[in-house]
Every structure is written in structure tokens, then in C-alpha cells.
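Going by the order they are written in, the chains are A, B, C and D; count residues from 1 in each one.
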């Protein structure tokens, strides 16, 4: 247990030292979203219509950008080998690493979400729905993303392959999240969608760490 | 009872049979020197012994138990030193070592780390990011783990002498010798001839296409 | 003073929130920028001191190894 | 004649020059800003059309003006650095960049806050606000490019090229956004323009612009000193400086 705590501290201090690199997915997120009004026109009505979808697709793409960094350094300098050989539970360590990655690079997206709701003229209820779906959905992105990253960490051309592997898997999340926000725009209840995303999150929370641990062992040889 | 026993082990890498039906034992206090030309599969053998890689067939036993079954005990008594040093470039040497010790349930204080780093003649380089150190210096930082994990029974070293200067090699030889005399087992490969005055059992891997 | 009381000054003709928000953000950003530059200058000087301490440590270590032979 | 321009001495001489000017710029700058703000906020008459909301111009206009001029200053420093291989001007460029980015951010926030009473929403894709937003991205791009390199020498050149590319694109972005805005003119009712300026409103504005220029100049000089110290960390003059600095406690 002490090992996992020091792993978390190490990852957070590493993220702090590389915070310039950490800002990049964030800038990408805001940039992509502010391109849409320039393309589609500034009318609030149209922006509101495409808003939820735009924010969610941008969130998925920018989290893909950030995911690459999850095991890349540890694999290349050998820390991953020492972690596997250290007897600390690899699934526990994977969960800690995914949590540290989520807090440092995807949580800032959520902090920025009010600004983006402004950019796309989302109404108040729509924003709360968006916030809830982001809070429930982005950990899901990290957990499932980490499995694919664990598998492709060995190959140095993981970039596009990662997107190819993960985008299909994120489709259900995208559908339920955007429909929740649209329901909110019409004033309807959206607890059902939230419940489904929540279920997906709990399911992946239970299974993903073991899958990530297995992926990391597989990518060793 | 031998620390490590390997029964007809064969390993395939990238669909090439590196070696097959290899069998040898490592007893406490013994130095096993793995010989073989480049490509004979020395590194892969060590990675299989450490438990990083699954063999094609055969088994590796640690004190009579398959290493996959006793992962925790094996982890507590093994120190592995591979091609990749396992030292993070952004952290400082002290942080790296303290983190390694935490990971391997070894109690270490910063003063001890500074003292050991001084022995490894890394004075003045302890608190700067490892990226600024030379290859040889980074290797010395990685070697510090042998000074810390006191209760280890088995050391696996993969060409530890590369990029080390004469003084570094002497230091490491001394450390290996004292570990062997205290009943530890060492399995290692090295492209330089071994200068450790200690009875060595040799295991040779033939190169087959 | 254009405003008759402090209360109406705060109220800014009903736009108090926007005016004070703008001035607040402006001067907070300036203050942050100044403090950030100021403390990174301090940090740079601290770096120099750490560097000097390192050099001292190296000198001490090399002196020790000279007077008691090469430390194996 | 150019002896003092000898690259090695220049960095130290620039540092001393900044050290000399810094107190004057910051003290006068702060004094003028406070004077102008109090004058503009409390004493200037109200505007018949926008009532007291217009007072935001005493912060919005200086920052808007400064954001563009800081970008130009940065680009000029980059150009000088690239063409005449002057190392210090890359440092000056990197001193201007964060100040410019912050000032652009402030102009965005104040512009949005000023627009709220008129448009009813905090953010409106008005031509000027949009180009300010793109300007902010240009600044952040140059800064993150600089930070991505370990070797500061290389970083300066790369960020310099991006700053020059940015300055060339600035007018193009400005006019295309204007055109884009008129294309969708329906969306914005009233453009964000300055109310007619009787003298007693104009003076505080000019004063606050001067104040902002002085303070931003002071901060840029301080950051230029930091860049110089960062570059010459191991040089004896910096070591001497750091040791005295410690002994007397901090002068500044």
C-alpha cells in the first residue's frame, strides 16, 4: 500500500514538472471548440444544437492526445520493468497511474468546461448535464484508453493505432453523453443516460485495472 | 535446495526459437555466468528468469516453486538489472532511488542515499535531474539498488559493466563478491571477461538460426 | 466625486458586477504576473546557491579521497 | 566602436540596464495606473448611452492596445534575433510573450464583461473579441513551443520563427474575422465601439494606457532579467550577484 502511495506522489510530482507538456491537450481542446463557431457561424441557435457533440468529440480527441504519455516514459526508461518486478500489485499500480493521469490531464478539461459552454451558448441546464456527463464519462475514457495504451506502448507507432482502437469503443459513451445534454436542453429528465454511463464506468473500474496489468505484462516481451 | 532451478526451458522470440531444453540450477552462494554470442538469447533468458517474459515451454522454479505462483516472495528476494536502467530522466537520482526503495519495501533515508551515492562517486550529482548525467553516471545511479536491498537472495545482471569506468567496475565486483560470500546467488552476462575471483559455473547458449 | 455616495459608487449605475469584475481581473492578473516573475527570480538565485553547495560538496569529497587514497 | 556590443558582456550590461530602469518604471507605472483608475472610475462623468458600464474601457482599451503592441514587440525582437543572431533579443522576446498573453487574456475578460450588458450573454463571437482570442492562442503557441525544447538556444530560434509567422498572419486574421463577422451581421446588434469621448473622459483613458505601458514594461524587464539569469546561471557575474543578493536580503 505504501508503494502505491509513493507511486501516486511520484506521478503527481512528475506531472507538475512536465506541466508545459500537460497544457497541450488542454489548448487543443479549447482551440478545436473555438474553431466551430468560425466554421459554422456565431448564431447561438446553431451553436447550441451542435454544442454537446462538439464538446464531447473534442474531449475524446484531446484525452487521446494525453493518453499517449501515460506509460511512454516509464516503458522507455525501464521503470515499468522495475514496477512489474517489485511485487506491488500491478493492477493497483495501473489504477493509481490512471487516476494520476486523469487528475492531471483530463480533470482540467472539466474545469474549463464552463468557458466552453459559454463559447457555444449552452443554456444553464445543458451545462449541468454536460458537467455530469463529463465527470462520469472522462474516467471511463482514461480507464479504457489505458488498456489500449498498455498494449501499444511497446510499438513506437502507437499514435494513430491508439485512435483506431479506442474511437469505436468510445461510441456508446459519446451517444449517451450527448443525448443526456440534448435532453437537458429540452428540459427533459436525463437520469437514464447518466445511469448507463455510470454503469459503464463502474464496469470498467472493476475490470480495466486487470486488463491494463495484463496488457503491460504482454508488452514486456 | 537450489535458489533457482531451470528445467528444459525453451524460448521463442519473434517466431525464432532462441534456445530449447536448457536445464541448470543456481545454488545459494554461486555465481552463474551466462555465455553466448550476440543473438544467442542471453537477455531473453535473463528476462524469463526474472519473470518478465513467459517461456515457450519449460519452467523456472524459485526455491522449488514456479515463479508465477510465488510472485511476491520472488519479488522480495530478486534484484534485476537489465539493459533499461529503470531510472526516470526527469526525477533526481535521490528521488529515483527513494522511489525504488519504496516500491521494493526497502526502508531508506535520504542520508543513506547520499552516503551510498558518495560511495558510487556521484557526489554533487545527487539532486539534479538524471537527464543531465552521463550514461556511466546514470548506470551508477541504477547500481545503487544493490546497496539497498539487503534481504535479496538472487541478483540477475544483464551486462552491468557497460559504460562503467575501471573504478566503477572494481566497485561493482567488490559488491558482488561480498553478496556471494554472504550466501547470495548471482546470474549474470557480460561481454567483458569476468575479473571476480570466485568459483563460477558457466552456462553456454548455442546460437541457432 | 461623480457619485454621491459610496453605495452608488459600488453600484456603478447597476453595472457594478461587470465593472468590478473587469478591474478585479485586470489587477489580479497584473499582480500574479509580477509575483510570478519576482519569485522565479528568487528561485534562480536559489538555484545558484544550490549549485555552489554542490561544488563545495564535490571539493570536500575530492579532498577526502586524496588524503586517504582512492576510495574503492 | 561596437566593443560594448560584445555578446558576452551584453547580457550582463542588459541586466544592469534593466536593474537601473526597473524601479522607475514600476513606481511611476503603478502610480499612474492607480491615478488613472481612480480618476476614470470615480471622477469621470457617466456616458448617456451606456451609463457607468462604459468605465470598463479604462481597463479594456489599454489591455487591447497593449496586447497587439506586445505581440508586435515580441515579433520585432524575434526578427532581430533571427536576422542579426542577437541572443539577448530572443530573451527579450520570451520576456514579452507571457506579459502579452496575460494582457490579451485580461482584454478578453474585460471585453466580455463589457459586452454582457449589451448582448445579454457573457461571450459573443464579436469580430474584435474573436481576433483577440486568436491572438491569445498565437501567444500561447509561441510560449509552449519555447517550453518544449530543452536547449534554450534552439528554443529561442524556433519560437522566434513562430512569432514572425504570427505577426505576418495577424492582419490576415483580423480582416478575415471582420469579414466573417459582417457575413453573420445578424447575430450582433451593436458593435463594441468606444463611446464618443469628451475630454474629461479621454484624459483618464490616455493616462491609464500610459500606466499600463509602464507596468507591462517593468514586468517585461524583470522577466528579461530572469531569462538572462537563466541563460548565464553558471557565469561568475551571476554567481557574484546571487551571493550579494543573499547577504543584503532582497534589494528590489
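Convention: a residue touches a chain if its C-beta (ideal position, glycine included) is under 8 Å from a C-beta of that chain, and two chains touch if they have at least 3 such contacts.
For clarity, every value in this text was computed on a predicted model and none was experimentally measured.
Novice: Based on mean C-alpha positions, which chain is nearest the centroid of every protein C-alpha shown?
Specialist: A
Novice: Nearest whole angstrom, what separates the Cα centre of subunit B from the Cα centre of subunit D?
Specialist: 55
Novice: For subunit A versus subunit B, what separation do you get between their C-alpha means, in angstrom?
Specialist: Centres of subunit A and subunit B (C-alpha means) sit 37 Å apart.
Novice: What is the distance, in whole Å, between the centres of subunit A and subunit C, each centre taken as the mean of its C-alpha atoms?
Specialist: 32
Novice: For subunit C, jot down the residues that touch at least 2 other chains.
Specialist: none
Novice: For subunit D, give me the residues that contact two or more of the other chains.
Specialist: None at all.
Novice: Make each chain a node and each touching pair an edge, then name the shape: line, ring, star, complete, other.
Specialist: ring
Novice: Any two chains that touch count here, so list every such pair.
Specialist: According to the stated criterion, the contacting chain pairs are A-B, A-D, B-C, C-D.
Novice: Applying the document's contact rule, which stretches of subunit C touch subunit D when the two form their complex?
Specialist: Residues 1-3, 9, 12-15, 18-19, 21-23, 25-26, 29-30, 32-34, 36-38, 40-42, 44-45, 47-49, 51-52.
Novice: In the complex formed with subunit A, which residues of subunit D make contact?
Specialist: 121-125, 130, 133, 137, 140-141, 144, 147-148, 177, 180-181, 183-184, 186-188
Novice: Could you please specify the touching residues of subunit A with respect to subunit B in the complex?
Specialist: 2-3, 6-7, 10, 13-14, 17-18, 73-74, 76-79, 81-88, 217, 220-221
Novice: Could you pull out which subunit A residues touch subunit D in their complex?
Specialist: That would be residues 20-21, 23-24, 27, 31, 34, 37-38, 41-44, 118-119, 121 of subunit A.
Novice: Which residues of subunit D touch subunit C in their complex?
Specialist: 37, 41-46, 51-53, 55-56, 59-60, 63, 98-99, 102-103, 105-106, 109-110, 113-114, 116-117, 215, 219, 222-223, 225-226, 229-230, 233-234, 238-239, 241-243, 245-246, 250, 252
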